[in-house]
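These are the structures, in structure tokens.
The same chain A turns up in both complexes below, where it pairs with chain B and then with chain C.
Up next is the complex of A and B:
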């Protein structure tokens, strides 16, 4: 009984330390809040930019809902209708697509810089965990949203991912071996990717994920506000600037600039023009599958290794990376920011190389093996 | 007369093999680095043979007549409305005639040069000939070389872009001053 009480006390101590709600005051969160100024200060803006792109996603997503039809017979036609016939439909859809990529880019930079700046150190563990969950949720948004236009690349890439989930079962022991198949069937909803899958992805993309995202984002922002901005470097400079109005003003100017860039891109450069046109034809289960089926660029970090390396190596790597993400506050508790910066730089280099040169690396490997 | 035409057309269709021209597809796929399928020129992405919409097996007797007539367009200048070809495919046959197309199969890279230098069926600002070279869809205004589309659309939409820059700039200028004013007020309150 006493042990239970101790555990409970420890939990309440942990939570009161990580979520000091008594600090919720206008002075602490606005007038007296200071932001450290140093060489990595630019990274403090990445979270805000991610939020901006999420807001663009939200607004454009609601507009798309007015016309989108989540049925296998009409989904592709409704997307075509939005693109070619609805007033500014092309702009809204392209804004949605461009801002999703920008959101994921900013989020990845935010995670890497927060890691390098030790933004996960006590008492900011909840900020880090909620941020990690937001990262996973954002990838889930990308994955579920990818299927909705029901074109060739969407359906076939989804099939490949779901097939990969099932393959995990081959490496699991005993009763766990059927778990991935069960998860796949749960996501898919029927024997193959079809109406049930589309309905589930649609529900996830527009209702379930946003609700979880809002709750997690709320916790993340609350935690950031309660603890203020982390010092960011090992030897903190004494130079600071006031959060209000100076930092927030710069943040808003950056928002304006980022919005303009995305708007110009959305108006002038269709996101789909980077891909071959057969990939965006309506999915035909009886027709031929065009070449070049692959997931969105932000999944290349796992897609190309899967194409090159044995499946179990990639799965093992991803399991360690996923576990490491959530255990970061414990694993790197005593690591200096200099070492963390090196690790973050290596991770960034990997992401850049695999995203830009993944295809070339894959072809080189294929050539060697072939 | 109609019966004679029908018989003539059907005979033409069944004695002439369904000529999709994969030489062109292969060439432009290699040179552009993009995936290209039959939908570049045909109605159906899998080509003319089959039973689906836009394929020979799905055509009505009237459409078969039209197809038969289209197949006789050996010289340039004939009006072609082949039901198995899309607008771009029909334009190629109209512009060049079937004889020239057969001749160009030996050097598929010359096809864009033989086409009109001004025709732009989708109105995206990139000519059909260029789109063929780039491996992009000449009938989809949102498909094209990204660099070319960015440049063309930037100049096409300059007024909209100017207005959005102005609106964003003014909006943030107002917000900037509002926040400064709030900051002064909050400072006074603190004192």
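Up next is the complex of A and C:
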């Protein structure tokens, strides 16, 4: 008690507590690993499922690289070529789009359940932080990938998002007011969304984001392996299941099933069938913006609030949500899992309602105000 | 001659032996129908042998039965390459499972002392015949391509002829030796069936589904504990085998199905001449579009004025899109007084391009977030998400000789004058001089 630890000592203590590398053994990872059995056990599969969809993204993404051309004059034509002329090209492309949506869905369930099961509690902070970063990276993948086909909806939606970055400047004090504009131009690369933007998004989507993703994923998985599987409920259950071979067999079984489902979906149903066709014509810089410009469904949770509420409220909300995500391990340190489950359920309910009924809510609001 | 014996005499001997033998055995010793189990004597080898064997043989027999029963359906399906490949692969996988199982069954009969005590010659003979049967079947599948399509074509009619008592071995006369061997051995197996443990195939334990659960009670708790332990281990082993077989088979099938498609993705693409031409013209069209955009850009950098339209070509209700000096989209209308109205078409909310059609109140619409703009003032209507007006753009009217008659800057200041008679023939330009004034 009398001796105060130096800052450096505290840092090393923190790290050795969070990354107990001495636990890294075959026994801990395979023969002795146990998975708790209780009502929420199904949630232990969600991370693995997300990983499966990421692997599908990786493989199909590399496949698409063989034919895709990232220039404003050729991008759309090359995507059309892949879709209509390359053998199984439609399949690869559909797999890529379907599996991206599946990945984000599983990821959201994974985050919410991990939160409800207090998977972030000490010593698992690093798992949570790296996971949060993976969440943001995944959304960035979605955003950058959306532009690449260079059709009307892609380019115009990207324009809208980039322009709204500039809007933030209105609410910043004097010296910072121009900062968002610089950021926008840094991302956009030229006065309007054009070749420079496409090249930047391509580089981000294909090289930079994947590299960051791999590193973060490595840390995430390492941390998961070191700490084992979290107990998940407040009163730890006595029943466990051996990870090897039982849990992993079921995990693979689920992977096979999930792959089969996505594969059949990709074979039978083009992802684009959810939008009206003119949106998928090549972007025309001289024409008007077509109706129905919308982001992908997984951005509805921020898109519809932006449509309905004043801009600054949404921005404030997003800032708090983002900060809350990373500060979760300290904010909810002493919260019981029961309360956490309620918070997660509310968040899930919000996501479900805004994703399914966002359009209806938006129309109701517009009907009242106009 | 040997064909006559193997495929006409032997079948009838086998069928008679099968029918009479089964009935006799059922009448004399009905309880032996479910066969003596050796699981109590030896269970480690058995799990590895019996499970693969039964999984494999059930699938294979079902396949054979389907092909004999519905030859027409089967032939149609087998014409589909995907189905044929799937059947061949599943069949081959199951045959290997059977082979593996039978080999272990044979081995355990020779290495386990307890088993040797209860093993008679017929058990060994049956196992050997099964081994031959599987090997010949596998040989047919592997050596003769598309063996699965012979069954409905030749075997079906042959079996039919046997059952209709009009035996005709001619259907089989041109078959390769492995096929003949496979068929002959099948008859031998049917002939021996009533006299061996194979008879249990005829006693499907359906009543297990309906009867009440039974609990085995042991006379000492120690032996009960020992039994429970053994049972748990055996269940675990069987679960593992089942899961591995299932996962392995589905992994093979899945990868076969997907790799078949993925591999083609990298082949040279087969396009018809028209398709190639269509693609090329599309590409050229878009290249021209990009080239034109560059030209516009260069034009705006180097020229002091840029032609928009003949004034008489402009409409009062449908705007004409053009590109302003900042390379942003803009719209040109004609006012009631005959003069042009030029304004930016880049929505002041989030930058979409506004539509070109004027509504009854003289407004254009931005479709992204529903903002209406009055084209005379440029200002958005109340309630629009856009708050700032669309800026107007300065213009100049020139006659055909290139002389500027009337010009107006972005704020609406005019210089020069134009006779009403000159309006129809005048040409509309945007001019660099005013370009800096657009916000």
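Brief remarks on what is shown
Here is the rule we use: the second predicted complex is superposed on the first by the 365 of 370 C-alpha atoms of A that agree within 3 Å, B and C clash if a C-alpha of one lies under 4 Å from a C-alpha of the other, contacts with A are read in each partner's own complex, and residues count from 1 in each chain.
What we mean here is this: a contact is a pair of C-beta atoms (placed from the backbone, for glycine too) under 8 Å apart; a residue touches a chain by one contact, two chains touch by 3 or more.
Because the structure is predicted, anything quoted here is derived from the model rather than measured.
In the model built by aligning both structures on chain A, chain B clashes with chain C. When the shared chain is aligned, chain C comes close enough to touch A:66, but chain B does not.
In the superposition on chain A, contact of A:273 is made with chain B only, not with chain C. In the superposition on chain A, no contact is made by A:335 with either chain B or chain C. In the superposition on chain A, A:264 makes contact with chain B only, not with chain C. When the two structures are aligned on the shared chain, A:290 is found in touch with chain B and with chain C. Taking chain B and chain C in turn and counting the residues of chain A each one touches, the greater count comes from C.
In the superposed pair of complexes, A:191 makes contact with chain C only, with no contact to chain B. By the touch criterion defined above, A:81 lies against chain C but remains apart from chain B after alignment on the C-alpha atoms of chain A.
In the superposition on chain A, no contact is made by A:319 with either chain B or chain C.
In the superposed pair of complexes, A:31 makes contact with chain B only, with no contact to chain C.
Taken together, the two structures place residues 245, 249, 252-253, 256, 259-260, 263, 286-288, 290-292 of chain A in contact with chain B in one case and with chain C in the other. Listing the residues of chain A that touch chain B in their complex gives 27, 30-31, 83, 90, 244-245, 248-249, 252-253, 256, 259-260, 263-264, 267-270, 272-274, 276-281, 284, 286-288, 290-292. On chain A, the positions that touch chain C within their shared complex are 63, 66, 72-74, 76-77, 80-81, 85-89, 91-92, 156, 159-160, 162-164, 167, 191-192, 245, 249, 252-253, 256, 259-260, 263, 282, 285-293, 307, 366, 369-370. Chain B meets chain A in the complex at residues 34-37, 39, 45-46, 52, 135-137, 140, 142-146, 149-150, 153-154, 157, 160-161, 164-165, 168-169, 171-172, 175-176, 179-180, 182-183, 186-187, 190.
Of all residues in chain C, those touching chain A in their complex are 240, 243-244, 246-247, 250-251, 254, 257-258, 261-262, 264-267, 269-271, 275, 279, 282-283, 286-287, 289-290, 293, 321, 323, 326-329, 345, 349-356, 366-370, 383.
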